Amino acid sequence: MSSEQKNKSRSTNLTARGEPMVWLTGGGLVVATLMIAGLLLFVLVNGTATFWPKPLKQVATADGKQFLGEISRIETYRVPATELEGLEKTSPDAAAKIRAADGASERELLRTGNFDLYGDDFKWVALHNVTKTETPPNAWMLERQEWGPFLGFIKEVRVDGKAVASTPDEMRAKFNELHGRARARWREVRRLEKKDVGAINHELEQQRLNLRKIELKHGKESAPYQDAVESRARREAELKVKYEELEKNIKAIRDEDARYTLLLAEVGGREKEQKISEIVRAYPANALSFGRQFGVYCSRWWEFLTDEPREANTEGGVLPAIFGTVMMTLVMSLVVAPFGVIAALYLREYAKQGLLLSAVRIAVNNLAGVPSIVFGVFGLGFFCYVVGGTIDSIFYPERLPSPTYGTGGLLWASLTLALLTVPVVIVSTEEALAAVPSSMREGSYACGASKWQTIRRIVLPRAMPGVMTGLILAMARGAGEVAPLMITGVVKLAPELPVDGHAPFIHFARSFMHLGFHIYDVGFQSRNAEAGKPMVFTTTLLLIALIALLNLSAIYIRNRLKKKYVGAQF
Amino acid sequence: MDERHTMETVLEETRTQPMKPHALPPRATPPTQVRPADADAKPKTPSLADERIVLEVQKFNLWYGSSQALHDINLKFPMGKVTALIGPSGCGKSTLIRCINRLNDLVDIIRIEGDMLLNGKSIYGRDVDVIELRKRTGMVFQKTNPFPMSIYENVIYPLRIDGENRRKILDEVVERSLQRAALWDEVKDRLQDSALQLSGGQQQRLCIARAVAADPEVLLMDEPCSALDPIATGKVEELIYQLRGYYSVMIVTHNMQQAARVSDYTAFMYLGKVIEYDATEKIFTNPSKKQTEDYVTGRFG
Amino acid sequence: MERHFDQELDDLKQALLRMASIAEQNVAQALKALVQRDNSLAAKVDEEDNLLDALQIEIDDRAIKLLALRQPTARDLRLLTMAMKISTDLERIGDEAVNISHRAQELNQEPLLKPLVDIPRMAELAQSMIRDALDAFVYEKPDGAREIIQRDEKVDQLNHQLHRELTSFMVEDPHTITRCLNLMSVAHNLERIADHATNIAEEIVYLYEARDIRHQHE
């Protein structure tokens, strides 16, 4: 054999050594990591940028119009032929540029606000039409309780109809002085309405329901009913007095409020008088120092996390949604954990091996593949209508025909999601139980322990880390599901939180808001798609952060358990 | 050194004193066991006829599905002594020992004929409560299996599942068991630490402590040193030697030298049958059957 | 680490020690019987020899069992194998002592031929060799053992000397032949005892140093 041939036969084939596999697997990992990182970065960048106060630009267009607004975004677009023709006549250079660029030009989307004056709050302005751009130093951005933001100038600060400041600096100072108190009054009114008036209403409703209950039980002609009618009438009278008093208070505060107003003017020339108490936040957008900008940014984040939504969920906060998501996830976890673990215990430890057992196991595994909307439909049909309807007719006949448990609510939504995620828990718990070494079980039996004692003292603690993994997966999956929730209890805007100060404190029958659904609603169902877009990113960022937090805490607990029960692996 | 001093004392003694008939001089070093077995007399070859019997296996047969693993086993295990079961892989020794505390009940395809009597009481009788039976036996396994709990909890596990919760009694049992397992000095200051932090040899001694905690009638050991290093093995072997007199020990081992070192009686098994069962001395110096001789001299296979 | 095997080795050493003491005593007794012309002492030597035989069997039995059951190595192995050899040598010493006592009984039937000088000297040497061998065993002094081997030369010399002397006696006076032959036999026995003591010394050197020094001084 020649030395050449010898060398060939001795050197190992690269493929045999597996070099390509290393590259392939490494490449796959890199692609996956890049995708995840890319998504996270995208959400992060867009989500965190939303609340930063942008400068206000005033643009004058070729046709003499003026617009004042925040620049939302810029895009390239095809100039329609008719417009192009018109442009030939008015500004030939611009037309030539467009032709050179093959009919494409740029336009910017200005957020002009002032929905109450013009009927829309975003305007497209073609860049080739812009004649002048400036940043007026006194342009104000005012976020309002209703109608969205007002972008314009403060003409006057009025108290009792008379101007008390006229120069921009004076106005700014005066406004800041009055705003705090105005908002305090507004919050006071709100509190009175929600809490005190609400309490009265609540009691009135209770009275009505009690009466109906007695009516159903004893009949309209019976003595108890007559008594009840009398006592109800008396109580109602008392409450009416209270109510009127509250009304008086509220009116007094409202009157006080009406004294303080601003006269606002916008670039189109229109004016509006605005009560100071209805202004949530206002700032001169082009005259803010970095510190002030950061202050506005932080206060918007705070509002987002702790306040209720306004303006069809495109503004304000998402506190009810956060609350609803957390409550629902908790209730779901509390249901799915024991249920799933016990089911897995039976499947693995007690059930006799055979055809039936295999069939059950296959069914459980396949349950994980069923589309979540199917679970939603099942939840609606079974939980809401059948079970809920039965509960209503037995326990809450006085409220009919309006359903209590017979419609979507916190309980049914949580149960539906529990059903959705139970296969995950069962499968991972079974794996964890199977991973307990048989030597440990035998050791326990040899000491004279019964099966249940072995499971309780040895197997379950040893399997706990695996069970926790399953729970984490279940919680993460459940917290992110939206489809089944839409029909079993989540609403666009919930009138009250599912937890409040009235007994029984947790109201399982109430509808609630959910972050996932909120994203869908704000992004695609809202009247104002452009205003909603930034909120989508911010809410997504929040949801991801929330789930990450849930997962991290569960992982921490699991690691602690691992150290305690599994020990060093020798 | 103690030894030299006492030897020279003996030397002087016998030179100066008149000869004494037939008696050996008194013991030079103190006994290492608490209950030594007649150390002063000339050691007699142990004989099964002189022993009290703690466990009797009667006409015992076992099938795994359709293949028979144990054929007509008849053995009498002596009380207070160490009995070893040796034989090549697959001869049935592990299977036999797992039948004593009915651990083989956990395997569905096993069928059994015959009986065993533990201190006269049937093991495979109709009304036998398996849990009660297992409380009368203690078992140590090849793979050390300390439970995921503290050292203290590990040792008293057999008592806890029996419902014993009185602190005083539990403390006593822990100390006694750990001392019998030669582990007390090493762990007495850290009883609440996790058992999983101990070394392999310590874990096995912990398992032994756990097995003796409930004062079992027999102590079963299934290849207890297979997973240990030589030093730990030596310690465990010395421990087993010292447990005689307190417990009746049955040990399965594939290492026949280990059987020679620790046991009083040895049974040699092959293909599910007992080929020879006699005093360890006899098995290793002059076995009766050729098969046994081939096995102990290493000529097997 | 304490092993129960150490206990068993201890017991074996004890038995060996006991055997050596008895052998030493027997040699002394036999000489006494000869020098003091006491037949009762001679009878005792016979009796004690039975004990020596029993001890030899026991020591060999124990050693075999320990070899089979304990898989000894290094010094433990040398101890067990040398114990068997030493017990053999001690048993032979015992037998030679019995022979001396029989010769003594025969010699006591006739009047003393001449004052015993060489024989006690030989006995003294032989006994010292046994004693020193025991000391070397107990105190683990293989050098002491080496020193014993040199004394064997002296015993051989004395034996030859006595042989020549007694031969000339027998030539001079044929009536002394029985007594001379008996005396020569005793000297021969003592010479054998010294040889066995030498063997024991060589075995002790092997035990403690793992060096085989047999057949080197011939």
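To keep things simple, chains are lettered A, B and C as they appear, and every chain counts its residues starting from 1.
To be clear about the criterion, contacts are C-beta pairs under 8 Å (C-beta built on N, C-alpha and C of every residue); 3 or more make two chains touch, one makes a residue touch a chain.
As the structure is a computational prediction, the values presented were derived from the model and not from experiment.
Undergrad: Going by C-alpha centres, which chain would you call the most central?
TA: B
Undergrad: Relative to chain C, which chain's C-alpha centre is the most remote?
TA: Of all the other chains, the one whose centre lies farthest from chain C is A.
Undergrad: Quick one: report the Å distance separating chain A from chain C, using the average Cα coordinate of each chain.
TA: Chain centroid spacing, chain A to chain C, equals 106 Å.
Undergrad: Hey, how far is the Cα centre of chain A from the one of chain B, in Å?
TA: Averaging C-alpha atoms per chain gives centres 67 Å apart.
Undergrad: Centroid from C-alpha atoms only, then distance chain B to chain C, rounded to Å. What do you get?
TA: Centres of chain B and chain C (C-alpha means) sit 45 Å apart.
Undergrad: For a test of understanding, state which residues of chain A touch chain B in their complex under the given definition.
TA: 437, 439-440, 442-450, 453, 457-458, 461-462, 564-568, 570
Undergrad: If we count contacts the way the header does, which residues on chain C are in touch with chain B in the complex?
TA: So the residues of chain C in touch with chain B come to 1-5, 7, 10-11, 13-15, 17-18, 21-22, 24-25, 48, 51, 58, 62, 64-65, 68-71, 134-135, 138-140.
Undergrad: Provide the residue numbers of chain B that touch chain A in the complex, in ascending order.
TA: The contact residues of chain B facing chain A are 101, 103, 106, 131-135, 137-139, 141, 143, 145, 147-149, 157-158, 160-162, 194, 196-197, 200, 207, 210-211, 214, 220.
Undergrad: Quick one: in the complex, what on chain B touches chain C?
TA: Result: residues 3-4, 7-8, 10-11, 14-15, 19, 21-22, 24-25, 28-29, 31-33, 39, 42-43, 234-235, 238, 241-242, 257, 260-261, 280-281, 284-285 of chain B touch chain C.
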